[in-house]
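Labels for the chains are A, B, C and D, by order of writing; each one numbers its residues from 1.
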Amino acid sequence: MDMDLNADVGEGFGPWKMGDDAALMEVLSSANIACGFHAGDPSIMARTLRMAQARQVDIGAHVGFPDLQGFGRRVMNIDLGELVHIVVYQLGALAGLARAAGVRMTHMSFHGALGNLAAADPALAGPLLQAVADFDRSLIISSSSSRAIEQAAADAGLQVATSFLADRAYDEQGLLVPRKLPNSVIKDEALVLQRVRQLLETGTVTTYTGQTLHMPVRSILVHGDTPGAVGLARLVRDAVLQAGGRIVPISVQMRQGLSGQ
Amino acid sequence: MDMDLNADVGEGFGPWKMGDDAALMEVLSSANIACGFHAGDPSIMARTLRMAQARQVDIGAHVGFPDLQGFGRRVMNIDLGELVHIVVYQLGALAGLARAAGVRMTHMSFHGALGNLAAADPALAGPLLQAVADFDRSLIISSSSSRAIEQAAADAGLQVATSFLADRAYDEQGLLVPRKLPNSVIKDEALVLQRVRQLLETGTVTTYTGQTLHMPVRSILVHGDTPGAVGLARLVRDAVLQAGGRIVPISVQMRQGLSGQ
Amino acid sequence: MDMDLNADVGEGFGPWKMGDDAALMEVLSSANIACGFHAGDPSIMARTLRMAQARQVDIGAHVGFPDLQGFGRRVMNIDLGELVHIVVYQLGALAGLARAAGVRMTHMSFHGALGNLAAADPALAGPLLQAVADFDRSLIISSSSSRAIEQAAADAGLQVATSFLADRAYDEQGLLVPRKLPNSVIKDEALVLQRVRQLLETGTVTTYTGQTLHMPVRSILVHGDTPGAVGLARLVRDAVLQAGGRIVPISVQMRQGLSGQ
Amino acid sequence: MDMDLNADVGEGFGPWKMGDDAALMEVLSSANIACGFHAGDPSIMARTLRMAQARQVDIGAHVGFPDLQGFGRRVMNIDLGELVHIVVYQLGALAGLARAAGVRMTHMSFHGALGNLAAADPALAGPLLQAVADFDRSLIISSSSSRAIEQAAADAGLQVATSFLADRAYDEQGLLVPRKLPNSVIKDEALVLQRVRQLLETGTVTTYTGQTLHMPVRSILVHGDTPGAVGLARLVRDAVLQAGGRIVPISVQMRQGLSGQ
């Protein structure tokens, strides 16, 4: 069993830091780098991708709403026609910095409110993923489980690597339960690890309402912006290894044609 | 004699417009598109490059300081290491939108205060042009005449297309006289056209202090953000045609190996 | 009959202009000045309020979402607790510039998407108007007709001056019909003037669905950002004068205790 | 001997934090709150001033260049006429939030690059302080020692409370040595405390070049954005108390007419 470990990184801005990217990079196989709209700036992006490059960690664009103050977590009622350009702009910016550094961008994912909207709405997922494909059909879409994203990616000829968010509650459709609901974010480290082990052993997740949901994934998302996050990331990595798995970047999994889903 | 006509376009932001890009596009052979830092936003960039694409006008990135309110005309004391990333970020963003639209970005130029600094300072021009080359060595540098830019481009293996700014006064080094000085911007249309004809016929420009300066150029910059600008652009184009020249995009001139300098 | 003529002004940003504020100021009795969040910047605000001051036009803060690119017209899902501070910040900024110029800010109004939300939702109008009252209980609320605003203002001890938007369609509750609907914005000048005359003569407006709605107002809003806007504003002013009315700023109307509603 | 302890607070932005304001507030007598241009946002400003209000800590506006990414530390070549409005806008915004919270803003200080420029240049300090006076002549100017600031304040009828930056090196004019120079920032805690004691006992500071400079101050600036900062702030406070002094906010010192300088 090959499993990717990915995290959202490069989420500082100007003088402000978020998370310990240097430590996280030691554990990850894929990095989702903020592109300056909800977090990040050109220097942080360049520094973060060089850290990833140095450890042969996959580089991806983490694309969000243009809202630094709200960290891309506030829904903005932006016309779809404009959203498409906002997404491509961010992809291009990170791809450009990667190219100048001599490395390739391999994947992309949607952040925060934009990610939640796209995962839940085929009318949004379709045009956004078509735009990603118009930019670069070889990009892998890293996403939490979503029919809308999977269908849109298939329509656009893009590959999806489903990612498991070990510390977030899921509903029966496999969508993330909104952060505002109680217990939607799981803070108990032991419980998070137990969910990882259940996924590795049975390929399932227990939903918010107690159902058992089959969830074929290629990747596990770990967080970097809370105290103890790096330690937890290491424990998740160890759980994969103990279950007999290997940590393999999604781009390598895709190249090998391994089918985790 | 082949001559490119270029202009800075896409200089609106959100609900605000600047210049009549649609009319200008009928006259130009190259368009320098603002990349969202001093002007422009993802939608305006996409709309502007599609206008250029429809008329086979060359598409270039117009790269500036991150200062919308100051329109990139205020010097900002940004570390060189950060400036390099700011430049590549903008190049990548426009190149990404162009790629998604199915067209190639062919050139780049520096805007406003960043352009003035780079043209005057080899210590700045060197790293900035090296960054452009690291991003894409096939990009043509569109610049007003500058030893610093020419040397830096040569060092980085980049081609330069020197552009003549018909309505701006030059000093003896061929650098633009700062806008704050009286008569640094030439508003008399007849005088602007006379300077264009002098350039076409003799390859020279008369400097701010009355000297005659040899100035080998491949391109003439016209402006779009003043009343009557489009009419003046048409007169400049007609002057080129009357002098027996042709309007040819810089990328085509470069491919043909024609040596205007 | 005393009637205020007000308009949204100072809606440029940095190098970008919107509307002919200088010409509009000759016609208005009240000016709603953008505060830098959806439009405007400190210099534009200062310049605009000095124009108003010179013509003894009332000065008010036009308060919107923090979204320059979207001109405050896109709904943003900002927590109410944060919105309250966003409103007060803008009030304070304009009040500060007014104070430094030696003039008083007399009123405030909500712009765009924020205005539409507040006018339709008592749960939003209540805390926002309480925040306005906490800042300055003497500020007059300039608003299109809205039960939510009127009730919230009464609860907070604030006075409301209802404004008639002559070129916008109303529903039966007296709320503005969303801009996205056809004919929600009335562009026919003759029709706009006819609606003004109906209001002046009968105190009523004909709704989007053809109903006759009583609408007691102290003010008429004119627009400045479309071609011919200033000419239309003059025609509206003339219509007031021809109907035997006077153009009187809302602050003066309120001081005189004249009751238009 | 009465001494104020002040610090720059509210320097987060959106999701990003800087420093432990809650702990610092326990030690301070005056707080300089960022106003949203170089750091801070409306919610952070409101939260920070309520913390100060709860502990009867003086509230002041910390005013900087409009450059969040650069944290106001990069010189921007902004016209003086515009800078004046930028300063008043920020003063008004914080004063407005303070007023809505039922507390008065008592002082202001300049941040970062703007502060360095104003302290060194009478042609800048003059108009900026005149603008502060036009806004509110009762505001106290909190500043590191500067002839330019002191003269400009006197001309504008404003009071200055000179602040001692215990961890920054001074030149012979009493100006701060630029951060770029080696040892311009003193990181050795014992050395910082020794400088505080020298100031308290002899009213002098030892300059960068080893001179002894007389420096009459009413306040000591402590920092909050480095590890151990709060602990150091407590040690500085204890040093004042051990020297027989009292911790007294500058506004109270000024009201009492105590002359520390």
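Here is the rule we use: a contact is a pair of C-beta atoms (placed from the backbone, for glycine too) under 8 Å apart; a residue touches a chain by one contact, two chains touch by 3 or more.
This is a predicted model, so every value here is computed, not measured.
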Please give the intersection of the contact partners of chain C with those of chain D. A, B
Counting in whole Å, what is the centre-to-centre distance of chain A and chain B, each centre being its mean C-alpha position? 39
Just give me the whole-number Å value for how far the CA centre of chain A lies from that of chain C. 44
Using the touch rule from the top of the page, what residues of chain A touch 2 or more other chains? 69-70
Please classify the inter-chain touch graph. Allowed labels: line, ring, star, complete, other. complete
Touching residues (chain side chain B, partner chain C) in the complex: 12-18, 39, 41, 68-71
Chain D contact footprint on chain C (complex, rising order): 36, 42-43, 45-46, 81-82, 85-86, 88-97, 99-102, 131, 134-136
Name, in rising order, each residue of chain C that touches chain A in their complex. 66-67, 69-70, 74-78, 113
